[in-house]
Structure formats: structure tokens, C-alpha cells
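Take a look at the structures below.
In the two complexes that follow, chain A is the common piece, with chain B as its partner first and chain C second.
This part shows the complex of A and B:
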């Protein structure tokens, strides 16, 4: 490894560490702060309507006199929890399908990949809107929509790695020795594929946050009065010149969460990059 | 030459197959919608007889497969049906709104490609120096700011200077038309720019480190020629793919931005349809957006084919 590459790796590791710290701060704020807050996210107060940030209300209050900081923090909790669940489920299902498709090859592979191609032919937001139309809005519908958006891509990426790994000698050796197909998949192939799955999950996680917020903003995701970042920004749009602080809180929440996840994702990708380059010749 | 034609034909057939599959998906999704359509139109207090009569008139009493057939047949003839909420034929509105959206999307895509590739190339040439780090850092912020955040901030800063909502037809004067487009286009450009710039930078760095670029430098070619003719041409391939993938993202972005700036395009029409449970309108809008995306993917494949001599030779 030459000096420049070494320096780059060290900088990427520093980035990874910074990203993990930033993500930790966001998580602590979002999951611990609600217990310490003096305000409830849904309590309205008639004498504090659209009041600017001060010592009492750190991020001001909204058009119904609700504390913006409390709502931002609580909105973050539901968004991040939903994003984690949807990403884990979507990428998990996709990766499993991709592993089976890549290992089995032939007809099953063709069928699974053609189906995922066809689902991917719909733009993400359009697919999400169709799911909302079909099963109604709410957290479960959002979860389903994100799983449908993430699974095909994860399947495709996993499959391409498995195709390369399945050709290697140790996999053939394992089958010759008499390991069952499931055992080969889990014990021989999975350990070589999971770094790619992890990077994909990290990249997708930040997209899940953006998608949940966008649906909330469009008024077809999380429904009021539940606090949600996207929903808060769309409510604040009507008061943007009179009370811009209504959107500052949720906007800051989205940007901080997504940036820290992206930094962690970039760092992870750089760190296991050498390994990825070895196993995936052409993704 | 024959292999090129074959590849074009295969991709075209695949695009048509995908479009048919997508239309089945759209139709099924709207069929699954909870609630009775006739009841939605007539309201809560309609008598059962009136609901049955309307169902017969709308053809909702027929089997789903027959309904799909007549719906799909209509679309092929350019007939998208009538919107129950707006009580007008859908096709003329759809075409007008689509036109507005295409202007928005097209302008953004051109700006993104032009600025993204230029900035990516500059960052790659200045790799590791201050300018590269500033651009890379800015792109990280760009990727993390959704359009409705950028749009809301732009409204906050430019309210009173530029129009922050609505649309002006070009007949009312070029400047008026353009001024309504500036902020929406900027909001769309910002987030996609980051993606394209990052890809262009990475592929440019890879191309600059390759043996053929070293050969070109050692041959004594001027740096300008090496960068523009040798490195950039190869770096463009992954970038074109990323721009193509971004069209899917752009369609979602257009929906959001049209809502932010009350821009009368296809996206706002779709959200209106979804919120009002206007089934024929939902079907028409989502299918149109899917069709645009499929067409864009096909075009990306064709550009890729034109740029990559290796694919043509196979």
C-alpha cells in the first residue's frame, strides 16, 4: 500500500469515527431526550402560538402552540425506528432472494431477477404512492412500500456477488464433502457476501429516512397529529415568512440524521473497499 | 451493425414488456383500494340502488379482467377515461400537466449533467487539495438535503425577489416564464448534482490512473487533450448510468418540488388524485410516470451503447 492510499484509509477511518459519533448524538437526542423534556409533543397552548425560539421553547412553537423541539425529537424517533425496521426487512429479504437466485441459477434465477427488474421499473415514489393507495396510509403501509422498493435492488447486488463467490473452489469443495445446500449458502457463501449487504443497508437507510419524510411532506405518509419531520415541514410552509423556526427543527433533524448515516456508509465502504474489489469484479 | 440493431430491438421489446407489466401492477393496486368506488363518488348517504346503478354505468360490476381490458384498450387509443372528482376527461389535462413537468425535469437534468460532470472533473484533477475537499464536503450536504427542505429554504431567502409559487406560460413573456422556473429547478438540481458529481469524480480519478492515460501523457499529448479526449470519454460511461438511474429519482423529486412551489404539473396532479381517491386519475398519472421512466431507461441504454464501442462490437 503506498503512502497516499494509506493516508486516504486513515482519513476514511477518521470520517467513519466522526460519522459514528454524529449518529450517536442524533440517536441519543432522539431516543433519550423525550423522557427529559418538559413539554409533550401534542400539547397545544393558546398563549404560545408561533412564539420564536427562547429559553423555554428552544426551537419555538408552531401554529397550535406546540413545542417544536419536542415534536422534532419525537418525530425523529418514529422516523428512525421505521427507517431501521424497513431497511433491515427490505435489504434482508432482498439479500436472501439474491443469494438463492445467484446460487440456484437457471430458471429460478431468471424468474426472480425478471420480477425484480419489473418492480424496479417503477420510480420509488410512484411505487410508494401506489402502495398507499392500495393499503391506506400509516406506518405499516410505509414499511411495506419501502420493503418493496429496497428488496429488488438488494437482491440484484447480492446475486452479482454470489455469482462470483459460488464459482470459487471452497464452495465446490463444501458440496463435494456433502454439505447441504442451505449449509453451503449460510456457512460458505454468506460470510463472503455480508460486507456488501451491510454497505447496501447503510446507503439505503439514509434513503429510507428521506423517503419517509417525503411521504409525510406530501400528506400521504404519517398522518397528523403524530409528529413527523416531513409533515412538520409541510405544516410550516404556510407560516414560512412569519415563523421560519417551524421548519428549522425538522429540517435540521433530517439533514443531521442523513449526513451522519451517509458518512458512516462512506467510511464503511472505504474500509471494506479492498475486500469488495476482490470479490465483485463487475457490479 | 447487425448486433447493434439486435440489441436495440431486444431492449425495445423489454421496455414494452415492462410497460405492460407495470400497467397490470397499477391496475391491481387501484383495485385493492379499500372502499367502494361508487360510494366514494356518491357520498356516505347514497341509497344502495343508486350505488348499484352507478356501478353498472361505470362498468364496475364486470369481472376485473374485463375492466382491465377496457381500461388498457382505452389507453392505447389515448383515452384515459373521465376523472370523477374533476368531472372532465383526463387525457387533455394529463398532456398539459405533463408538458409543464417535462420542462421542469428537462431543465434540471441538463443543468445537473453539465455542472455535475464539470465539477466532478475539476475535483478529480485537484484530488486531495482544498478545492476537492470543499466540493466533496458540499456534495455530502447536497445528498442529505431533500428537495422540500432546499425548496423551503429557497422560498425563505428569495420570497419577494423571485416568484415562489405558480406557473406562467411562455406566451406571457420569456422572463416571467423563466422566473417561475428558477427556484423549482434549483431545488431539484441541488440534490441530484451531488450524486452526479460524486460519480463523475470517482470515475474520472479511475480513468486518470489508468494505463492508457499514462500512455497518452508519455506520448507528450497536451494535458487538455488527455483529460478531455482520453479520460473524460471513459469516465462518462458510469456517469451516464448514474444520470439514467437519477431519472427515477428525479420523477419523485418533481412530485415533491411541484408541491413545494404549487407548480401545476403531473406530480401535483398525482398527489391530488391520491388524496381525493380519484381512481382513473391515479391510474393515468402513475402509469404516465412509469412510462416516462421506462422510456428514460431505454434512452440511457441507447446512449450507453453509443458511447461504449466494446458493447457495439460484441
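This part shows the complex of A and C:
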């Protein structure tokens, strides 16, 4: 094997491990810590407004006297859960559409892909705002918006891989042996495209975190008083000179989550690439 | 030899693999004089290409050459990059197997030839243009001025290889290394390219190191030949002598494996595993038993397929009428673009015919494979040319073989299917342990056997084989052909055997159908191909088959059907 590719694989493998550890820390903090917290995210306390970080309030308190650490951790919980659901649904639907489009070709392909082109023509945030205006804000609306943003892209990527796989001889051989079209898609084509779908999902997941935060920041995402990273940064921005700690927690949460997910995605991509190089060495 | 242009002594080439190293070439010595063509013959993995790469200094980061490698008195192993830049392309040229990837698709053919002339020979833009056109003419490309302005994708494979040869020879090198330059080409194109190479050698006195797996080509073209096996030279000497009267057992086996044009033979080998065993050839009756009594299994009636693209219609095949009787094997012969693969795809339902119909047992078959009920699909199976593409790399042999058994209810449970799969593997001479292997853990010949086993799993009446052995080494080819013949005898299978190799046709087929530019130009027994009144194209095809110097192997009296 190529020595340079070998080195790259090893480096990406190290990154993959570090990324998984970082992501694990984020997940443990977000999903386990709230049970141990002495504070409620929505309890206001008049005698601790905008107090700086100390032993009691690790990341200080906000303008209503709420504990920033508690809010960060709980905000992360809703953001991450929503991001996972939206990514899984969006990439899942998109990948299914892409598989059918790539395999069936012709009219069905054109219909599906032109529709997805039309959706893709709208910038993500504009599309999200349109959805919010149409169905109102709330977790369900955010979910719908992100699915609409992700599905066309996932469809396009999946379709391009399927187009390459579908013309290979083993796909024809499966039909000749007697497999139904669904069976050909699931048994023969899917195992060859899912690595690409997985990598796409990883990269999209970090984008979903950013999108949810951006919507919160703009005030059209999660509504107060529910804690949300974007919303917290937007609130903290008003007090940036008086209480800079207010945005530190949510900002750190976004950065940690996005970077660790991206590293995991890159590592997966490289590892899958290495495996493909190995299994298709003779082609 | 003092006047040697290239002298190689005790050359070792090693490739680093992780912490260990693999020695691809183990102490090879050879000399090449100006104006001489030396052939390096071997099967895949023999290290033959590594010699060429070592001479060109193209081993790559993981490769390392040691020993002595001298070109015109220059020590190539102690050369710096600047020295290589003066040699490569100027005094040494290279012609690769795939002309498509040797040329840059973004530049015209002419620009790429002229670039070398300007860089290496210091010609002006205009002079280089003129010289490039001259060379395009010298390699017999029609209308060289027009070809100069064409892009690689606008030329056929044969034309491209001529352009690559022109590029290699244009800077008037002393040595040209050719690595399987005709392997991807049709036989008639190959014959013309070989004539061109011999002619260029005569005119320019270039020394040529010709690397190939095809003994017949090497016998026709080269004066001397070295035969390589696993990095070692097993035999060397004058080409005709080595190839007609081989002394090493490996060479004997290699020569015996070449599909013979006039005799049907089977190879009997002692299966000691490493393939080193002595070879024994048994002749089979020349004319196989008559099958006139057998009912017709498959018929194509006036089959035609036209492709529409950008408002232009391309006729892939027209008016193709073929009968295949039960248990019979019919060869469908043709060069690339003759429409033979289109016919096969129509029969399988992978391609929708534009006109005509396909009958199985007299009943019309639906055009698309997905419209054919499983019971119908079961009866026609396929084995593809490229063993790497014909198996799903993500599924084990067990998972692949299980499917036809379960779909066609030959097995009700997976356990039952596994038992039958093991039997299928045994019938293609593979051990049961292979069930849990992935395709990348199998060799090319083994993959092809698994593909045959999958086809057998459906218990078909007819197997369409699309060039099933052309991607395999010659010794593996012979064993796969043997397998096909045995299965036909044991199971009464009919074969539609698509091929361009007339030697393969003789080994497997009873009747032959020859296609030319989409239509059938000859139908008859295999012997009728060699008859005096055969179609001119068939005669040309036979004349193009390399191995003319194997004269002794071609019996003078050809039986006429």
C-alpha cells in the first residue's frame, strides 16, 4: 500500500479516537450531569443576578439569576437530541430517495432530483425561516426545517454513489439470479453505499447543531424559558461587557460538540477509504 | 555483451509492505542490444512489469531496486532526478497498457506529442507541430492533421495506442519499454499494432523491452524472450525455441495452456496446490457429439437494438437471429463494438431490444429481467468477464451463493442452503472453507469459479458467459475452460459463450456465430470458420491471431464442415 496513504490513515485513526473521547465527554456532561446538579435551569434567584463564576455557580449566573452551567448542560441536551433526530430523519429520507433515484434512473430519477434541486436552491436559513413562518416555532418545526435542508443533499450524494455501484456486474447478476428490485437495492447496493451515508450523517450532525443554535440566536428556534445554546448566546450578547461568562458556557458547548463530531466524521471517512482501498485493490 | 544498450545484472526489486518487504524481482539478468526486441513473459505477479518500472526509475515510494542496471553505460541506480529528466522521454520511451490513462484528456493528441518534442529536442512550436504530424502519419493514423487536433476521447483504443507509440518514438529514443501495449485491443487491431512496432524497430533501430503475458504475441515479435515466474527467470533464449520446445516445466505448462486453434484438449494436472506439478495434455475428440436431435432452447428472432443519444441513433445490433439447442454450446464471436455484448444483455433482459423477440422453449420472454417471473429467470444465468466486478465486495461467498438457492426454493432454511452452497463450491473445485471469504480474499480465477457456482445455484438451462476467461492468466484460463466443459457434460447445460478469442472458441464451442458491426456475418460449426469459403472478415480474424511462428502447432489439413 502507498506509504503516504498509510500515514494519513494512522493519523486519522488517532483523530477518530480523540474525537470519540471528546464526543463522549460532551454526551456524558449533557445527559448525565443534570441529575447531579444542585440547580434547576429555570429557577431564578434575585440575589444572584449576573454573578461571576464561583464555587457555587461554576459558570456564573445570567441576567435573571439562573445558573449558566445548569442551563448550558440542559440546553445541550435539547440541542443534541434534536440534532440527532433531525440528522437521522433528514439523511435517512434523503438517502432512501437517492437510492431509488440512482437505481431506477430515467423519469423517476429526474422527478426526484429536480424536486430536490428546487429545495436546495433556497439558502438553509431562509428555508428554515419559511418553515417557522408556515408552521410556527417549536421543536417539531425545527425538526421539519432541518429534514427539508438535509434530505436533498443526502439524496444527491447517495444517488451519485449508487450510480457508480448500480452499473457493476454483481448488481446485474443479482437480478438475473432472481432478486426483486427492492432486494437488489437492500442486499447488493446498500452495503456498498452505507459508509458514505454514515460519513454524510456525521458531517450533517455538526451542521445541525450549528443550525439549531443559529435559529435560537435569531429568536425563531427554541423559545424561552427553555434553555438553548443559541438563545443563551443571544441573551448573553446584550450583557457581553458586564457578564462575559454568560455566553462562555453555550459557546464552549457548541464548539466542543461541533469539533468532536467533525473529527469523528473525518476519521470515519478515512477509515472507510482505507477499507475500500483494501477491498478493491485489484480493480 | 559489450555493445549492449541495456544491461541488467542480478536485479532485485523489493516493495515495502508495512514492516516487511516483498521481493517482486529476484536476481534477474538480461541484456538488450540496439534494434533488438526482447520479450519478458509471465503471468500476473511474476514481477515482469517491475523490471520495466525499475528501468524507467518509476518504482514509486515503496519500491526499491538493487543490483546493476546500466543504460548505454550509465548507471541507472545512481541517477539523480536531473539525470532522469534528461533520460526519460528523451532517450527512453514508455508505452503503457492503457492508452486511455497514458494520455491527458484535457489536451489534444498533437499537443501532447509536440510538448515532448519542444521540451526534449528544443524544437520551436511550429517545428514541433510539423514533427508531431509527421509521426502521426508514420504510425499510420488516417488524416494526421485532423488527429492532431482531436482529444483522446475522440479516438478508438487502437488509434490511441498508435498515438502513444508515436509519442514514445517521436523524441527518437534509444530504448522503448512496452508494457502489455496490445492487451486491451481487439485481435485485428493488435495484429496491426504489432506490425507497426516491428516496422518502427526496423526503421529506427530502437531497442525494445516488450513485457507481455501473451506468449503468442511475444513469439511473433521478439528475437529473445525471458520467462518469469514469481520474480525468477525460469527460462530464457531465442523466442521461437523457448516457446515451441520449452525445457522448464513452468514454461511447458504455460505453453500447453494456450487455447489451441485446432485441437480440443484438456489439461490434467496433479493438484499439489502450488501449480508446479507436471502437466499432461489429453486430446479430446475434435468434433463433439452431434446435438441435432436436441430441441431448440433459446431463439432470438430479428433482434435489434438502437441507442438514441443527442438525437443520433447508433445501431448496436440488427437482425440477429441465433438458435441455441439444449445442452449445446454456441460461441458468439466479435470485436469490441460488434454488438455481441448487447445481444447477450438482451437475452438476459438487462437491455431492452428495440425490435425482434427472444423465445425460450418457443415462448416469448419479457424484455426486462424484472418482468420475468423467477421461474423464467432461473433458466438463464450469467458469468461476467471481469471477476472483480461480478461479486459484491461486501458479501461473503456464503451470502452470495445462498441467494439463488433461497429464491428458487431449492433450500427452505439457511442451514439447508449452506449445505447446498458447499456442494456448489465443490462442483467448481473450491474447498468448503471458502464460504466465509470475501471476494478480495480470492484470486481472479477463484472469483470466476464462485460466479459460476452462483449461476449453477439457480439450476439454469443456459449460461451466458461474457468473455469469462479473457481477464484471467492463461494457465487459469485453461482450468476454467475445463470446468465449463465438465459442467456442460455433467449437467447438460447450454452455453452462449461470448468471446473474441478463437482458441477459446475451439476449446468450448460446437457452433460459432460471428458478428461484425452489429450483424451476423457467419454462422456454422467451429470448423467452418477455417473453411476456404469463409467470410473475408472471418479470414482476417484468423490471420490476425498471434502465434504465426508457432507454425508447427497448426495442422495443415483443416477439416471442412
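Criterion: the second predicted complex is superposed on the first by the 272 of 283 C-alpha atoms of A that agree within 3 Å, B and C clash if a C-alpha of one lies under 4 Å from a C-alpha of the other, contacts with A are read in each partner's own complex, and residues count from 1 in each chain.
We adopt the following convention: a contact is a pair of C-beta atoms (placed from the backbone, for glycine too) under 8 Å apart; a residue touches a chain by one contact, two chains touch by 3 or more.
The structure presented is a predicted model; accordingly, all values stated were derived computationally and were not measured.
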Partner chain(s) touched by A:255 [first = chain B, second = chain C, both, neither]: first
Check the residue A:173 against both partner chains and state whether it touches chain B (first), chain C (second), both, or neither. second
Classify the contacts of A:192 with the two partner chains as first (chain B alone), second (chain C alone), both, or neither. second
First (chain B), second (chain C), both or neither: which does A:122 touch? first
Can you tell me whether chain B or chain C touches more residues on chain A? B
According to the stated criteria, A:233 is in contact with first (chain B), second (chain C), both, or neither; which is it? first
Identify the partner contact of A:181: answer first if only chain B is touched, second if only chain C is, both if each is, neither if none is. second
Please work out whether A:17 is in contact with chain B alone, chain C alone, both, or neither, and reply first, second, both or neither. neither
Kindly classify A:220 by the partners it touches after superposition: chain B alone (first), chain C alone (second), both, or neither? first
Could you pull out which residues of chain A sit against chain B in one structure and against chain C in the other? 4
Interface residues, chain C side, partner chain A - complex: 16-18, 60-62, 348-350, 369-370, 374, 377-378, 380-382, 384, 386, 388-395, 403-404, 407-408, 438-440, 444, 451, 454-455, 457-458
Residues of chain A touching chain C in the complex: 1-4, 6, 168-170, 172-181, 187-188, 191-192, 278-283
Spell out the residues on chain B that touch chain A in their complex, using ranges where they run on. 18, 21-22, 25-26, 28-30, 32-34, 128, 140-141, 143-146, 148-149, 152-153, 155-156, 159, 248-249, 251-252, 255-256, 259-260, 270-271, 274-275, 277, 282, 286, 289-290, 293-294, 297
Touching residues (chain side chain A, partner chain B) in the complex: 4, 117-119, 121-126, 129-136, 206, 210, 213-214, 217-220, 230, 233-234, 236-237, 240-241, 244, 247, 251, 254-255, 258-259, 262-263, 266
